[in-house]
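Chain nomenclature is as follows: A, B, C and D, assigned in order of appearance, with residue numbering initiated at 1 for each chain independently.
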Amino acid sequence: MEQSASKKEVEAIIQAIEAEGLQAFLNLGVERSVIAILGVVGIEKSELSDKWSVFPGVERISHVSEPYKLANRAQKPKGTVINIRGQKLGAKELIVIAGPCSVESREQTLAIAESVKAAGAHMLRGGAFKPRTSPYAFQGLGEQGLQILAEARDLTGLPIVTEVMDESDCDIAVRYADVLQVGARNMQNFRLLKKLGTVKTPILLKRGFGCKVEDLLMAAEYIMAAGNHRVILCERGIITFENATRFTTDINAIPVVKHQSHLPIVVDPSHAAGDFRYVSSISLAAVAGGCDGLEIEVHNNPKVALSDSAQALTPDKFAELMKQIKRVAEAVDRTVSTIDK
Amino acid sequence: MEQSASKKEVEAIIQAIEAEGLQAFLNLGVERSVIAILGVVGIEKSELSDKWSVFPGVERISHVSEPYKLANRAQKPKGTVINIRGQKLGAKELIVIAGPCSVESREQTLAIAESVKAAGAHMLRGGAFKPRTSPYAFQGLGEQGLQILAEARDLTGLPIVTEVMDESDCDIAVRYADVLQVGARNMQNFRLLKKLGTVKTPILLKRGFGCKVEDLLMAAEYIMAAGNHRVILCERGIITFENATRFTTDINAIPVVKHQSHLPIVVDPSHAAGDFRYVSSISLAAVAGGCDGLEIEVHNNPKVALSDSAQALTPDKFAELMKQIKRVAEAVDRTVSTIDK
Amino acid sequence: MEQSASKKEVEAIIQAIEAEGLQAFLNLGVERSVIAILGVVGIEKSELSDKWSVFPGVERISHVSEPYKLANRAQKPKGTVINIRGQKLGAKELIVIAGPCSVESREQTLAIAESVKAAGAHMLRGGAFKPRTSPYAFQGLGEQGLQILAEARDLTGLPIVTEVMDESDCDIAVRYADVLQVGARNMQNFRLLKKLGTVKTPILLKRGFGCKVEDLLMAAEYIMAAGNHRVILCERGIITFENATRFTTDINAIPVVKHQSHLPIVVDPSHAAGDFRYVSSISLAAVAGGCDGLEIEVHNNPKVALSDSAQALTPDKFAELMKQIKRVAEAVDRTVSTIDK
Amino acid sequence: MEQSASKKEVEAIIQAIEAEGLQAFLNLGVERSVIAILGVVGIEKSELSDKWSVFPGVERISHVSEPYKLANRAQKPKGTVINIRGQKLGAKELIVIAGPCSVESREQTLAIAESVKAAGAHMLRGGAFKPRTSPYAFQGLGEQGLQILAEARDLTGLPIVTEVMDESDCDIAVRYADVLQVGARNMQNFRLLKKLGTVKTPILLKRGFGCKVEDLLMAAEYIMAAGNHRVILCERGIITFENATRFTTDINAIPVVKHQSHLPIVVDPSHAAGDFRYVSSISLAAVAGGCDGLEIEVHNNPKVALSDSAQALTPDKFAELMKQIKRVAEAVDRTVSTIDK
């Protein structure tokens, strides 16, 4: 609005905008007031200018557009639902992905798979290729790990989610996995993203801990622009000055993503907290906050886990949490189904 | 543990610790394993050393202590309940504090007070002294604002929460307010904290946006060390690189505070988000995550509010949110009562 | 520019802008190119629009203005020089303020004052009122501390810089101090800022560790709007995820402040690093980066200092650093004078 | 020290430590004092314990070790010098790497190469494979770009630095480049790091913008553990809440790296600032702060650059900066040589 615009002029245009069924939002500034009009997607810009620039007091009409196109909510206002062997991510059902950080052995993996299935999980996670900050740490079992995961799927019926670290992992991993995961440290590995755009398997894309929501959506855009539209976003904590937890769960990212994109979003409370004692609280918060699913680390013996032991739940604690998740999910009108093999 | 400690030795000591009813937590390191023992408050350190240093493989026994004493959970393992004109903060009941950012006029304040009361709020917030980042912005009505708040309390029965900015505000404010609020920018105004330690009114202490949970607890310690033990902590968002929202709600802080301190904690989703569209989602997340209460901005006409207009809910949206809050609160075994005048 | 603007049209307008002696800056976007014109302060906005909106391809002309007016570079393009008992801060001379964190005793303070004077410092710092994160830590000597500082000034001729924590400290402190310091935790204590606007003593305003440069300039604006235009800005480190140092020195803030404001800026490497081993490196970086001065902690016996012992230099190390500072200052065309009593 | 240790006991042990030629550092705590002894690398831990645990008041002796071994300063206290076609990085000479963000064309690259050579640069940078946050942005010329760079080297004698994004780029890139660069977004692409450990070309490893110095050193450790010990670290700005610049140059990282590692460190002021107006100031700060080199973006026509146009210097501005760099470098006892073809 013009600096000289009167209160009446401001009110008149707000009424006119709302009369069109649109949301008007007034920001009174010291020098100038700005009225934001929400929800005008699909209207030609020139049409927009013609309509409102004639009101007295209007200084100019701006048009804001985001750099991501395919991931933009405007593309699919009702949201995307991704079907993974019958499980629907992005729909009314809340999906819980559970399992160990790394596939350490056949026995461990099958035991955990059966536990999380019994507790009500919908998918099994487990890493065969492990990105580790220390070159001296356990690096994963590779293809042998994928075979163990496939056996766990045969046993339990749970679809499997596993991480790929590099273009070269993809061809092997797609032969086994139901969902390919991109780790936080690879969110801007653009070569990997492009490669994942050429596969048909859905992608679970973890947010880089130093990356904004907009960067996450741009990374999804990379995969989508290369042909694979089945992208699941994952909030797993960002890096901040707070060191009481390993990362800070950006709970705000849930409504922000829901507002800006049509892609489903899951939350990983285990990596976000880095401490099993906080996992239940964060899980319930994420469900009430509107996420479409959770990815939770469960280990049958966290004390001797080969990676990230501090953050894994025992199967017992996970089973207890699943009951609480069900109650909170229902309180926000979501369902938590049980899976038959 | 010694670098040379065997797996058996590690397991033996873990069993022994657990046999004492304590929690043992193993962290396998490349060079050395560390076993953390939780919950040994009240045991003499020398006693502790005697008990476990005799096990084979033990290298040394350390004792960790936090710099806050009075605010420490160890002081009151069952948590503190603060009674405010019959409302119990920190107990099973979830307390919702609602109202405008600033007291702008008698009419506005009374109208909002009646709306939030009708929607089920338990306390009324409103600022008479306003900290503003610009010297050219509205600075609050001062004592006249406090009188309006008191009138709103007479009308609705809602206890009132209002901010003090400086030692010199306290003497006036205690005559009117049921809870004195310390704003985020004043969390380390140590002179103010000491003064608040000398009053009998409960204090709602907002976390500084650049401050760790530990700093928040140290600020509470200041007030408590000076004599006022009735401190309510408030998470209102921290400053991070993410700019899709004004601040980042540190949802992890809820379980962290619950673990480290006996003080109740409320969450302010309005300042954390800076955008009314995200307030409902964050509110529900906070309730499911275990907070004891919420502080939400409500304005009868956000478009013309004199401060923070973008983040205030209308009374209608607030009433709708209260219904959702009730459902989520019950799903985590908390109650949301209604107040009779 | 219009989305359809040709490369020729873009170049034509850039040439025209530069022909006026202004700086044009092209930002090629996916959807639209933006040309920023710098340095048009003082030109009427309508005049600006008339001039360039006639070029083909131009979509619209925007005018950007910052929320701070008095602190804005536009007000005083040549910069502000603050004269403190003959020392000129903001001029060609680099000013070094040195001394202990707290005034602990007469002996300690006079000894340090003589040491830093001998080493070439231009002002003496020392805290009589100390903001401490723990209520159990040393809180300063109060007015007695100010008297000791005044005695140190008589002895050495060095002007004295001391912190005020609260409105109520100001009346006493102005009777002794040559510069009043506002600590980082009080940068947005607006009541204190307003009070400092009413005194005649120059203010050294430390940046809050969770505050942007823009917030710092708005805090300066508070003091200036209340009447005191002699404000010295101080970068002392911001809070980030990096924990190898206590805070992260925002070295970028030096050119940013120089670009946006006419106020002088000093850097405090001691609090920024929290570790004496890094102080020399950061000090030299700040001088080369263009700061107008440094504020460095020096203690005659850091091992037994009552506050911030880890970051203080010994007088010997400080004397050595002063020699290096002189060399670097001269390499960027600044002078480092010596003070006669 | 024991809680009950007397001041005398504390002083006695400090004297004894210093008598051995070691640095003792006292941290007086509320509950307990800690004396840190620096510089005892190479002494057996048991020897250490025997020596000082006998002093009265000593509670226990701890031994701190970092997770990086090969990159640790303790391995090479005098620092590593990397020889690149005769240029010595990590020695007394300051090395300036300059050139465009992307190789856009033969003409552009040769022209810039000649300009930066004439201005005194020591190496030429240019990207053939470009990581871009948007899939719709220019992605680089690939091998053709490498050929152009090699031609520029033939023309000017400047060694060339170019980025690899993926394992698969390495085999081609090593045939052309003198230094392989790892971008910030790939700092934890562990598969790429391992591959780079198998080549003989030196690696310039950029710090991830969300990563701590310790993470950077762990990434270097990956490359070194796989066999390539010639790693150059690069500080290029971290992500913080400050948005006046694109990233925040962590100037503290220079002394921290110098203290913890023997690897050379260069600073990239262009990406850190994201704004050409701040590049000179940050460059000079980095040199005075003790870096071993700079990597600066230079473009002959920044207004039409295909990437990062806002941050590139023109050849003229770069030539002017080189003169200032020389003066500051000499002020901290470094030399800036000129290169003969």
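Some points to look at:
Convention: contacts are C-beta pairs under 8 Å (C-beta built on N, C-alpha and C of every residue); 3 or more make two chains touch, one makes a residue touch a chain.
The structure displayed is predicted, hence computed values, not measured ones.
Fewest steps needed to get from subunit B to subunit D, stepping only to touching chains, is 1.
For the pairs A-C and A-D, the count of C-beta pairs in contact is higher at A-D. Against reference pair A-B, the listed pairs B-D, B-C or C-D yield one interface repeat, C-D (criterion: more than half of contact pairs the same by residue number).
Centre-to-centre, using mean CA coordinates, subunit C is 27 Å away from subunit D.
In whole angstrom, the spacing between the mean C-alpha positions of subunit A and subunit D is 34. One inter-chain figure worth recording: subunit A and subunit C are separated by 41 Å, centre to centre, where each centre is the mean of the chain's CA atoms. Residue positions of subunit A touching 2 or more other chains, listed in rising order: 30, 67, 134, 136, 210, 238-241, 243. Viewed as a network of touching protein chains, the structure reduces to a complete graph with every chain in contact with every other.
Those residues of subunit C that touch subunit B in the shared complex are 67, 131-136, 165-168, 185-186, 188-192, 194, 208-211, 215, 218-219, 221-222, 225-226, 238-239. Put simply, subunit A touches subunit C in their complex at residues 30-31, 60, 65, 67, 239-241, 243. On the subunit C side of its complex with subunit D, the touching residues are 14, 24-28, 30, 134, 136-137, 210, 212-214, 238, 240-245, 248-256, 258-260, 272-273, 277-278, 280-282, 284-290, 303-304, 309-310, 324, 327-328, 330-332.
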